[in-house]
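The two complexes that follow have chain A in common; it is paired with chain B in the first and with chain C in the second.
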Partner chain A sequence: MKYIRAFKDKSARQIMLGIAFFSLLLLLVIGVSLLLKALPIMKEKSLWALLSSGNWKPFKGEFGFLPYIISTLYVSLIAIIIALPLSLLSGIYLCTYASKTISRIFEPVIDLLSGIPPVIYGVWGTLTIVPLIANKIAPRYVEFSSGFSVLAGGLVLAIMILPLLISILLEVFRSLPKEITDASLSLGATKWQTVKKVMLRKSFPGIIAATVLSVSRAFGETIAVLMVCGNIPIIPHSLFDACYPLPALIANNYGEMLSMPNYESALMFGAFLLFIIIVIFNAISRLTLNQIEKRFSL
Partner chain B sequence: MNNPGLAFVSDVFEDYHNKTILMKLPSYHTISIRNLNVYIENQHILQDINLTIPEKSITCIIGPSGCGKSTLLRTLNRMHDDTPEVKINGQVIVDDEDIYGVNVNVIDVRKKMGLLAQRPCPLPMSIFDNVAYGPRIHGLKKRKAINQTVIQYLQYVGLWDEVRGRVRNSASKLSIGQQQRLCLARGLAIEPEYILGDEATSALDPISTKKIEEMFVKLKEQYTIILVTHTLRQAKRIADYIVFMYLGKIIESGSTEEFFNNPKKQLTRDYLSGSFS
Partner chain C sequence: MINTKRQEEIFFKILMIISICVIMSILLFIIGTVLYKGLPALDWDMVSKLPGGGFYLGKEGGVLNAIIGSLYLISGSVVISLTLSVPLVLFINFYLPKKSVFASIIRFSFDILFGVPSIVYGAFGFALMIFLGMRASLLGGIIAVALLIMPIMVRSFDEVTRLLPRDLPDALLSLGATKYEMSKVILRQLMPGLVTAILLAVGRGIGDAATVLFTAGYTDNLPNALNHPAATLPLSIFFQLGSPVEEVQNRAYASAVILTVIILILSFSARYFSSKYSKNKI
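On to the complex of A and B.
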């Protein structure tokens, strides 16, 4: 009996290790196969030239990825700057101030919002956000904007990741032990003081993790952004300029394999780049998360 | 009543019903609970609690697990406010004012009634900031004053010597007993007028327990103290008055001597003799 139990324990451990290892392997396989496809162009041009050039002229064999990289980062940054404060406030409201009835109404709505397919957000953005920017917002700041812009992409993306962020944050806040907020309240702190000094502090790692998840999602979001951001490979200089994020580049061009040398390889390099951006971003945030937990005496 | 300090309302309320006049109690710095009923999710958790806690003394609440001791203490601090499942009827009169009255500010109530929770729960910050938390939220800003307060209360609970080199470190790294004393210091640092301790020494070794007990005895010169305890011996050692609860009701209450030497109810005798716990 004793041996059987030990054997079960051991084999369960091995199997789980295997599964964990498999997901790591999957990551490597994806990375390596993208890299292999990207090799032809990397042999022809230096990495630095690919990353730092702003010229994208496939017919002339010029492949500068800088506009795509900057567009990807810019649009995602705008999205998270808009979405994070909003989702924090609504998450806090729903889990501390709102009555049961209110949260019972709002939470299914939030879930529903995150279930709406991106293409619908894209269409809606084209119909409302783009004209709004072109006619109302942009004229105050710049001479001309078609509305298809960084701002439009950022806004649509913000609206898309908002429900995701809210529901993760709600999960984070709800997982805080009740004792800890009780301890603060019983010392005579107001709810807002408790939120600021205890809740946000204790859930800070969770908030960062939620942000990382939604930014990763934002990096990769394709269709909705592609529909509203203009898709012009230039480096955007203002919020009202058009831009062209990496996923849009790949989705727009993959498949129509023109007879341009290295074009497919360049697209694969773009995919590899996106993959690396997300991996690096996640690695950095994991490291900072560890630092934060140490620094904040959590 | 030969002892006016021992104004246990069970007596007073008989007068109230007979003569239909509310006897005016010597109520300053006393807590008097009248016809208190607490329901949680439609369960009747506290039933017809009538009790007056005399000032500047230690009242121990004893009774088997689940009889409602913690619920009662939390009621005195209005900690049920944010749990909609809890319904409270009745009055809790503190310093001549019903803390469940309409114009009462719950923050004032909680500052006045210092609650030390059953499970020690350090806030996610340093040891220093934990103790400074209460004074800070109540408006203390001067660094020097905060430093002084923190050191004073850490000394008070006998934690200062153990942590003096690392007060800026995370409080969650402390041992459970140290956490309990930290929470004690944190609760005292808001300078409440009443102390409600829910098994404040449950995680402590005999020596620290003794220290804390001595602290309570010293504190009762200025404070009115209610302690929940599971150890009858502790109650015997430090209590002036005992309240015995069973299944949400107060079975018997009285001075410690009376209670232990001459219990009036059969249930109390059974409990004291250890027939159930």
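On to the complex of A and C.
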């Protein structure tokens, strides 16, 4: 009986250890297998040629990722410009001014926003944002825009990264020791002065980390962006031009890529690029956030 | 001087309240738009019938294939990711020493996996399937979605597990239980937290389109084997919306209502369980 119990315990430990190692390897396995798939195209063309050329003609064997990279950056930039002030203001409000009732109402709102699937955001975007841009906003600035544009993608993405941004910002603000803000308030500073001179300054690294995390979330968003961006492989010159972010490119071409070996490899190169950038961004910002947590919890 | 100080404070306070209101109204606006467009097209046939002949030209039928496909897919992936996540979380919390470097490396790697976008999981799943010689199938979709939801499950289950008072495991161990027996008792104690984690993961997995786009394929029939392709709700919305026929587009909105309702139910029950849990916290 005793041996059976010990045996069970030991084998459970071994299995758990195995799972732990497997999960550690997962990240590596994903990276390596995407890289292996991307190798054929990387052998044929230099990394620089792939990244800096704007020519995308799969049938002639030309794969330039520049339009897609620019589109992704442009859309994500718009998204963070819209989302950051909104989330900073509401995060500060929830941490300092808000009554319990308001927080209790607001929390489920954030949960629901983060729970809504990308495809629903896409549907909503095509129903509201796209016509709004095509009929109301764009005619004031340019002659014609279909509405499927950088701005539409940026707006939809902004809403999609709001929940992540706000919840990390709240975590950052709440990890600040109460003594600092109390000290500032007791010296006669108003609440807003405390926010401006103490809270924001002290949590600056955290805010940067939260921003980087949200930007990398925006980089990888696929379906919603695919539905509102227009998907034309050119370098967008204005907010109202259509664009074609990298994830949308991968998602749109999965069916036809099998017929041409280089095409598949090129798309996998896109996925690898996305993966590596997002992993680096995530690693840096998570390390920063962990450090903040450790420093203040001591 | 005092006056400008006050004015600044009031100005920013108003801005804050506005941004809170904007965020809340965006949520209402999104749900409102989907319901407004979708409800008129929603009828019993939508949820009870398979797509009939000419469904994509506006003839009759429903999206039962996608609903059932999504359910199959998510249950399979929940089973897979549960069998991996639960032992993993118990291991890093109770088997490894408290300030273990190994545990923090694992936590860190799941933080990063959490940030990896679903399209990358989809591409990886696709590469894996080609390597194994599989076609787009239910099994492929299950594996890809399991990878997608595992970080969500691990992170949220780990969060609850870390909050568990250490007295309970200590008491169990001092009574002579092995760590394995201890884990079984603790798991029961952690059940509400685990349910919340599962509901969160299901919510994310059932709504994701980019992972299943490559891996699960699409079909008008019910999937009746693991190696058959399976339709999913998000893809069904996506494909129907791409149709030029107005009736089909309306059905996309109706399908969006179905998906939104599923998500709302999941989200509210997750909240219910987690609030129940925090009330029982020792």
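Just so we're on the same page, the second predicted complex is superposed on the first by the 245 of 298 C-alpha atoms of A that agree within 3 Å, B and C clash if a C-alpha of one lies under 4 Å from a C-alpha of the other, contacts with A are read in each partner's own complex, and residues count from 1 in each chain.
The rule we apply is simple: a contact is a pair of C-beta atoms (placed from the backbone, for glycine too) under 8 Å apart; a residue touches a chain by one contact, two chains touch by 3 or more.
The structure displayed is predicted, hence computed values, not measured ones.
Asks: Touching A:Val32 in the superposition: chain B (first), chain C (second), both, neither?
Replies: neither
Asks: For A:Pro85, decide between first (touching chain B), second (touching chain C), both and neither.
Replies: second
Asks: Could you tell me if A:Lys100 is touching chain B, chain C, both of them or neither one (first, second, both, neither)?
Replies: first
Asks: Among the partners chain B and chain C, which is in contact with a greater number of residues of chain A?
Replies: It is C that touches the greater number of chain A residues.
Asks: Please indicate which partner A:Val198 is in contact with in the superposed arrangement: first for chain B, second for chain C, both, or neither.
Replies: first
Asks: If you stack the two complexes on chain A, which partner ends up touching A:Leu187: first (chain B), second (chain C), both, or neither?
Replies: Once the two structures are laid over each other on A, A:Leu187 reaches chain B alone.
Asks: Between chain B (first) and chain C (second), which does A:Pro177 come into contact with in this model arrangement: first, second, both, or neither?
Replies: first
Asks: State which residues of chain A lie in both footprints, the one left by chain B and the one left by chain C.
Replies: 190, 193
Asks: How about chain B: which of its residues touch chain A in the complex?
Replies: 77, 79, 82, 84, 107-108, 110-111, 115, 117, 119, 121, 123-126, 129, 133-134, 137-138, 169-172, 183, 186-187, 190
Asks: Within their complex, state which residues of chain A touch chain C.
Replies: 5-6, 8-9, 12-13, 15-17, 19-20, 22-24, 26-27, 30, 33-34, 37, 85-87, 89-90, 92-94, 97-98, 102, 105-106, 108-113, 115-124, 126-128, 159, 162, 166, 190-193, 195, 213, 216-217, 219-223, 227, 247, 250-251, 254, 267-268, 271, 274-275, 278-279, 281-283, 286-287, 290
Asks: Inside the complex, what are the residues of chain C that reach chain A?
Replies: Against chain A, the touching part of chain C is residues 5-6, 8-9, 12-13, 15-20, 22-24, 26-27, 29-30, 33-34, 37, 84, 87-88, 90-92, 95, 102, 105-106, 108-113, 115-124, 126-128, 131, 147, 150, 154, 178-181, 183, 203-204, 206-210, 213-214, 234, 237-238, 241, 252-253, 256, 259-260, 263-264, 266-267, 270-271.
Asks: Can you list the residues on chain A that touch chain B in the complex?
Replies: 99-100, 177, 179-180, 182-190, 193, 197-198, 201-202, 296-298
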